[in-house]
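Presented sequentially are two complexes of chain A, the first with chain B as partner and the second with chain C.
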Partner chain A sequence: MNKNNSKEYDVIIIGGGVTGAGTARDCAMRGLSVLLVERHDFATGATGRNHGLLHSGARYAVTDPESASECIKENMTLRRIANHCVEENNGLFVTLPEDDLAFQSQFVDACKTAGIGTEILDPDFARRLEPSVNPNLKGAVKVPDGSVDPFRLTMSNMLDAKIHGAELLTQHEVTDVICEQNRAIGVELFNHAKNEKVKYYAKIIVNAGGIWGHHIASLAGININMFPAKGSLLIFGHRVNKMVLNRCRKPANADILVPGDTICLIGTTSERVPYDQIDNMFVSQADVDVLIREGVKLSPSLATTRILRAYAGVRPLVAADNDPTGRNISRGIVLLDHQERDGLSGFITITGGKLMTYRLMAEEATNLVCKKLAVDKQCETAEKALPGSEKSDLSLDNATDKIYSGMSIAQKSAKDRHGTLAKNIAVGDSNDDSLVCECEGVSIGEVKYAIKELHVNNLIDLRRRTRVGMGTCQGELCACRAAGLLCESLEEPGEAKDDLANFLQERWKGMSPIAWGDTINEVQFTSWIYEGIYGLKPDNN
Partner chain B sequence: MKKEIFEPFNVSDNNFEQCVKCTICTVYCPVLEVNPDYPGPKQSGPDGERLRLKDASFYDEALKLCLNCKRCEVACPHGVKIGDIIQLARIKYSKKKPKVRDMILANTDIVGTMASTFAPIVNPIVALKPVRRIMDSVLKIDHHRIFPKYAGLRFESWYRRYAEKKQNDFKKHVSYFHGCYVNYNFPQLGKDLIKIMNACGYGVHLLEKEKCCGVALISNGLIKQATKQALHNVEAFKKSIVDKNMPVISTSSTCIFTIRDEYPHLLGIKNDEIRDESELATRFLYRLIDSGKLKLVFKKNYKKRIAYHTPCHMEKLGWSIYSTSLLRMIPGVDFMALESLCCGIAGTYGFKKENYETSQGVGKPLFEQIESSKADFVATDCETCKWQIEMSTSLKVQHPISILAEALDVEATMKLWNA
Partner chain C sequence: MKFDNIIIGGGLSGLTCGIKLAELGKKCAIVSSGQSAIHFFSGSLDLLGKVNGEEVSNPLESIKTLADNHPYQRVGIDNMTRLADEVPQFLDRAGLKFSGNANQNHFVLTPMGVMKPTWLTIEDFTRFETKDSFPWKKALIINFSGFLDFHTLFIKDGLKKLDVTTQIKNVSMKQFEAIRKNPSEMRSTNIAKVFDNGDALDEFAQKANDLSEGFDVVILPAVFGLLNKQIVSEIKAKILKPLVLLPAVPPSVPGIRSQILLRKRFQALGGTYFLGDNVEEGFFENNRLVAIATNNHGDIKLKADQFILASGSFYSKGIVATRDKVYEPIFGLDVNGETNGSEWKDEKFFNDQPYMHFGVKTDSQFHAMINGEPVENLFVAGSVLGGANALKEGSGAGISLLTSLHVAEQILK
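What follows is the complex of A and B.
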């Protein structure tokens, strides 16, 4: 089937990661007509597979001052506009016995230059401030690091884009960039849900495909030199630390421990992988070993903390144009105007950068789009709060003071996840208040809200919106409940069964690299329930 | 011999992450069954702990509804110390200060000292209906509650006056942790124990100034004071066990459970040196009999039908088998075991007005069983279970030690062991 769409947009944005989301929001806020297309679901690329560190910039202060000052600026902006996606827990850069304490003064100076506030702490005080830190530390510097939840950040940008008129399509994969005489005019898409091809047209196409941007550009006949770098991380079952812990030395493997929502994360490794492997990410035994070995040095209690999952993401690193070997890698923002660079108008690429500099990347990309369309409108994304982060007198706080606990846990958790938007979640009726996910406190009301308002197509999407299945049981108890709710509202029963199998398979994938001890017990128990009681078969998907 | 300690990898404090979410604990929680406001062991314990570590405001005051019966821990197939997690969370996060009432109920020894001194006055007063109404409305102590009577002559005074001297005549010796209940409310139980132990050839000694074990202080959030008393007791136990080689026995399952398990788990007080040698009198006796070192001779004419109730802390200790086995040794006893269910009192919990309904609701299935048991009386090792059962059923309750003392042929036993 071939369906052509006569409507022409101002911009089509390819890629539903945080960069695409931010660009869609910025473009829509400046009054452009916007279509965003994503092949799977929002935040399924690097955006959903990173460390969630709201860098203060301190990590880059010594090696990459430009990135450092970008980070601190955006750090402060996100605290303002996205406070429900951000946790302001501060960070420590600790010097361990094997590290050189001399690096500390160099580090503090570099932070000062970049505009990052630092405070040198007495090791004793640092131990009291963050009891999980390696007690043998020689020195510690406090910096304004934080954590950022990539799923929430992406989703609330998407919501705001939608509020400003943008159209969003998931499960739509770009299979071709339609060009006409040195001009990109549209994209050909494959709709995975309906198994059909569609075409959409626009004045400007923005390639925000992260590492996949390399391939997307090649569809337009353009070469971008990208070097995929795999990074692996481990998720621990609960928070051991309240502050972000870093090593005070040149950046290396597994030297950051980030607390995020109910868990904490140690990472990352860094390893170049061939481009044809980017859709095939797995965590090796060697990765796991390094992460545990190094992690325990930062915080010894990691040795006695249950590991929930392991996962890996790919950094979209771009080689400088004049360096085909890829040694000269930029970690900064890369904005390519392909008209200037390659003589193809109507096509730009925005990549590189970081999760937390997405807004700046979006601003730069949108500035270029506006210039090309001769639209004269200022960027407002740094001032206007995202949906969920608006200032308000949250009456929820009062409601949660109630003793009745099932509800208060779900309500508190929902408020953490959706900010002020949590007010749209039905509460009060004992059905809405019942928990679907007990580990993360997700109620039936919240699941229904997500299905209705947050672009959910299947269980895995639902997980990204609500944390269903992200807790210690990894879907053991919540998956079937959520599947039931999804089935009521959007899926056919047969489809729902496949979806459930898919979801559990995806959960198992993250557990398999660390499947020992209690994790393997849990998995065994899960398989009794789903294979034994419900008769689900592994070949259901 | 030094014990070998095996430290497995990835095992968190109180095993809280060993939880596989099977929900078995939730089925065994007696409170959850009668009070839907209680989140239950899984949600309050391992699940809640994870959320509290993220943000302390996830602490829910509803956790005070937990009876600390530890039946969830007994049920958990993964050794998660659910009850401990909940109690520790209350200690760490609760912002509600203990009320005057809680302090009165918690300080069982101070109140006991005063009350037993004035027992002839106190007993009739607290029994008066108007007084109980006032206690109900002012102190929020439920007016249905019948206060345990205070004895005129404390056990300690009785011991010093009438028993102490004789104890050195024996070849073997033990120390006795009598607890507040025996001291202030029911000295007879202490006397019964001495009768049995003496007949078996053991001299019974008191510890150097025992203090209340502190269980009520812990459950009412008075942790500083509990810690002080616990440290004192551990020292006193050491003097007996380590210095004099005298094991410590007790007749209160709750006191001994608190000293063995709650001291290290909840108060962080080390008790390795004394733990193994601190036990219940029934266990001490049973083990002697079992290893052939002791035999009891019983009266021929003792005939009773006895229904045994397993207190929660006995369930947790796994020790009711010792008490019941001793009772079954008595030839004339027609023994029946009641199904192991919580009676609902949980120390001072049931005395609080706000808990009265939950407390009685929890106990109801047990009370019904007791009423239909056709027993002459109920036997149990816990003093607060005794109050609750006597208040809520038509049967009287006796301690296994008192039953043994009554059924024992003292002369004959003595002849065997005091040669």
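What follows is the complex of A and C.
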């Protein structure tokens, strides 16, 4: 036991997804002392395994008006405060030959009620606006959908939390909630990096563990009825569509095609899974088949577009407290005050909701924390831009203009990834500018920045921060270069080799469900390079 | 256009077939669409490194234990023994010096710092007779500043396990400044081009020699002699301490050189090499392939008495997988591996992957088959053949070389 942790925080936040990140930021901005703990790496739960749709709310307008109005409000807020994480693409809700056109007017009315702007388009015009759409569409409605990069969004919230004094720990798993006379007073953690247990104490503990919140609550002796719903998605190797494409019907499987960066994503399936399967997210052949079949209906050219990866995440759905059967699932935000609900003070849970309503969730959770701590400070997260999105900050362009007349590919990519924060990436020296990953334009400078500032512990973390190995080469050679760099700065060589082996395994997990065509060709090549030529084996190191 | 033999694919197999046939007076053409596996070559040709996960010491002996449908079994142990013996001279005639023994694997040090069993190693690299000892105690690893493709710490780590103490030094060379300015140019082939011109070599050797005071051996990335083969012996002569070269991240400098020398040998023997041309389809008559059509030749069909398919595995598109089937794309030949997509692969990346065994089926004389019927004059050689996981076995080049030489002999009979 490490005894050196007698400091008591105002609040400990469990979970390094977007909800935890947003709550850490909000709490820190309101002057609280904050510790955030995450068992793996940031954005490894649902936050790193979703569709990245910046909902306009239209999808929920007919079935869940409350979610719809939350979405449109937050949609507008994120465009302001998280500009570098958002693509303002707009979206179409299309009626295909097999869909009922009558739904369209009901849909448009419901959007109007929720405050979502719509525009009914003539099918011809829609085809011109979005050439990739199924040419047989019967109708189309334009809505203010967009795309949001969950990794970037989470990281800029984390960074801002840090700027406001929060402490962040990755690789720290909560193994127990320490309670004393009906009060949660701290957490026991297992530090995976050092293989040791530590304890930290706080006045309030916030459970922002997504679907794992069920287990975390149980550590405090509390039951939350959670229903894991697995959703699978496919990433395509290039961006087929400019706008988000949705089906104009009640929400169903595989009916959204979201463009982002240079790729697009079709999703999702939805399947209840047993709770003991939530850490075992695989995509089945049947999932792949449904996604392709339905995707091609939205945009026929998907049939011939290369699939890069398949992955699945779990939605944290919560059953209403008065409904033990779990039929009455809420898709909205769930904030539980366990003092009122279960008689345990110092412990609250924030879950449910969506990626894009994280800020509102954080605000509600922080309001409750502040109330309990009798802190009277207004929430400012809806007004203050996130780091990387500050409008007035032109220093990146100025700084780089001094060095180059035009920005290099790596600098442009870095600016896209990190917004104005890219100014912290070293440039101008031939060493820092050298490219580690050619497909994604990741330079040594960016890798070093990520290692130093962005809590990178291994290659997979690095991929989440910089997109190293995310491109079409799928991590063949750049992974090795990046491993070499990690080895110089933070890993023992033996660890770095294991790390490389894990990285390749992790990529394979996403590729094996779709391992045909160019994907299998490249996987075979990668195997020859790493195992054949390098002699890399998972247990060799 | 008419030839005695046409070979589809210009990798190690295709070139081996072509050279062997041309050496014996055949008028041959090779049609090759692109890069081959030799571009990424480690520097060592493997015959058989492992059987059922156990390291093999005598490849020829262990071949007897392989499954009946293994390509080596179809060549036959006597032929294997004889042909394996021929290979070093065969390569030597192309200007490629390899050494090793088919009855006794030796070891090479990989860029991860591990010892790997192999059959023949190109003169650039060092052969080790055992896997658990390194002849020197104090090693100096030298890398070029800004060169990301040589992972010195991995090598150091591997050598530590062999009780070798190592130091790593970086050397800056003004001759590399131009390539370092471009963020993606500092790669092994570009460094090799600078050395090929000769002028940087003396200066580098001088620096290396100064640094190597007090060390027993110098370790460098294999970035010498891309087009100018002499550079390899020159650097070895100029570095005063024993020199161990290790592969850098591919493409491989000795690999590209090998490909070029084999192609030149084929052309010097009168062979015709159609580079960057893709064979699209074949025309059959009575169980014989009479002609092929290629992308660049349009309506002009290429005819020959015998054809050899040496189009490689998945990575060279010699075989192709779609969502629900595996097929041979030029002729629609019979393949093994037409199973359900979900059974192609193991969820663990480093396990023996079923798809690695997939390839074109042949009869016992390496004739291709269509619907179970052998095509009399279409032979199959190299990694397009199914029946083995060459990666797990360490049999990549062995299968390519020996099935190719064997097929050439069948044709010459």
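Brief remarks follow.
The working rule: the second predicted complex is superposed on the first by the 518 of 541 C-alpha atoms of A that agree within 3 Å, B and C clash if a C-alpha of one lies under 4 Å from a C-alpha of the other, contacts with A are read in each partner's own complex, and residues count from 1 in each chain.
One rule holds in what follows: a residue touches a chain if its C-beta (ideal position, glycine included) is under 8 Å from a C-beta of that chain, and two chains touch if they have at least 3 such contacts.
Computed from a prediction, not measured in an experiment: that's the story for all the values here.
In the overlay built on the shared chain, the residue A:N521 is in contact with chain B and with chain C. Once chain A of one complex is fitted onto chain A of the other, the partner contacts of A:N280 are absent, as it touches neither chain B nor chain C.
By the document's definition of touching, both partners, chain B and chain C, reach A:E438. Of the two partner chains, chain C is the only one touched by A:W508; chain B is not.
By the document's definition of touching, of the two partners only chain B reaches A:T304; chain C does not. With both complexes placed on chain A, chain A has more residues touched by C than by the other of chain B and chain C.
Shared-chain residue A:S413: touches chain B; no touch with chain C. Where the contact sets of chain A with chain B and with chain C meet, they give residues 408-409, 438, 477, 516-517, 521-522, 525. Listing the residues of chain B that touch chain A in their complex gives 8-12, 16-23, 37-39, 42-44, 46-51, 53-55, 57-58, 60-62, 78.
Within the complex formed with chain B, the residues of chain A that make contact are 237-239, 261-262, 303-307, 403-406, 408-409, 412-413, 416, 438-439, 441, 471-473, 476-477, 516-518, 521-522, 525.
Against chain C, in their complex, chain A makes its touches with residues 282, 285, 292, 408-410, 430-431, 433-436, 438, 443-444, 477, 480-481, 483-485, 487-488, 492-494, 496-497, 501, 504-505, 507-509, 512, 515-517, 520-522, 524-525, 527-529, 531-538, 540. Those residues of chain C that touch chain A in the shared complex are 37, 40, 42, 110-114, 116, 145-146, 148-149, 151, 153-154, 156-157, 177, 180-181, 183-184, 186, 247, 249-250, 313-315, 317, 320-323, 341-342, 344-345, 347-350, 353, 355-356, 391, 396.
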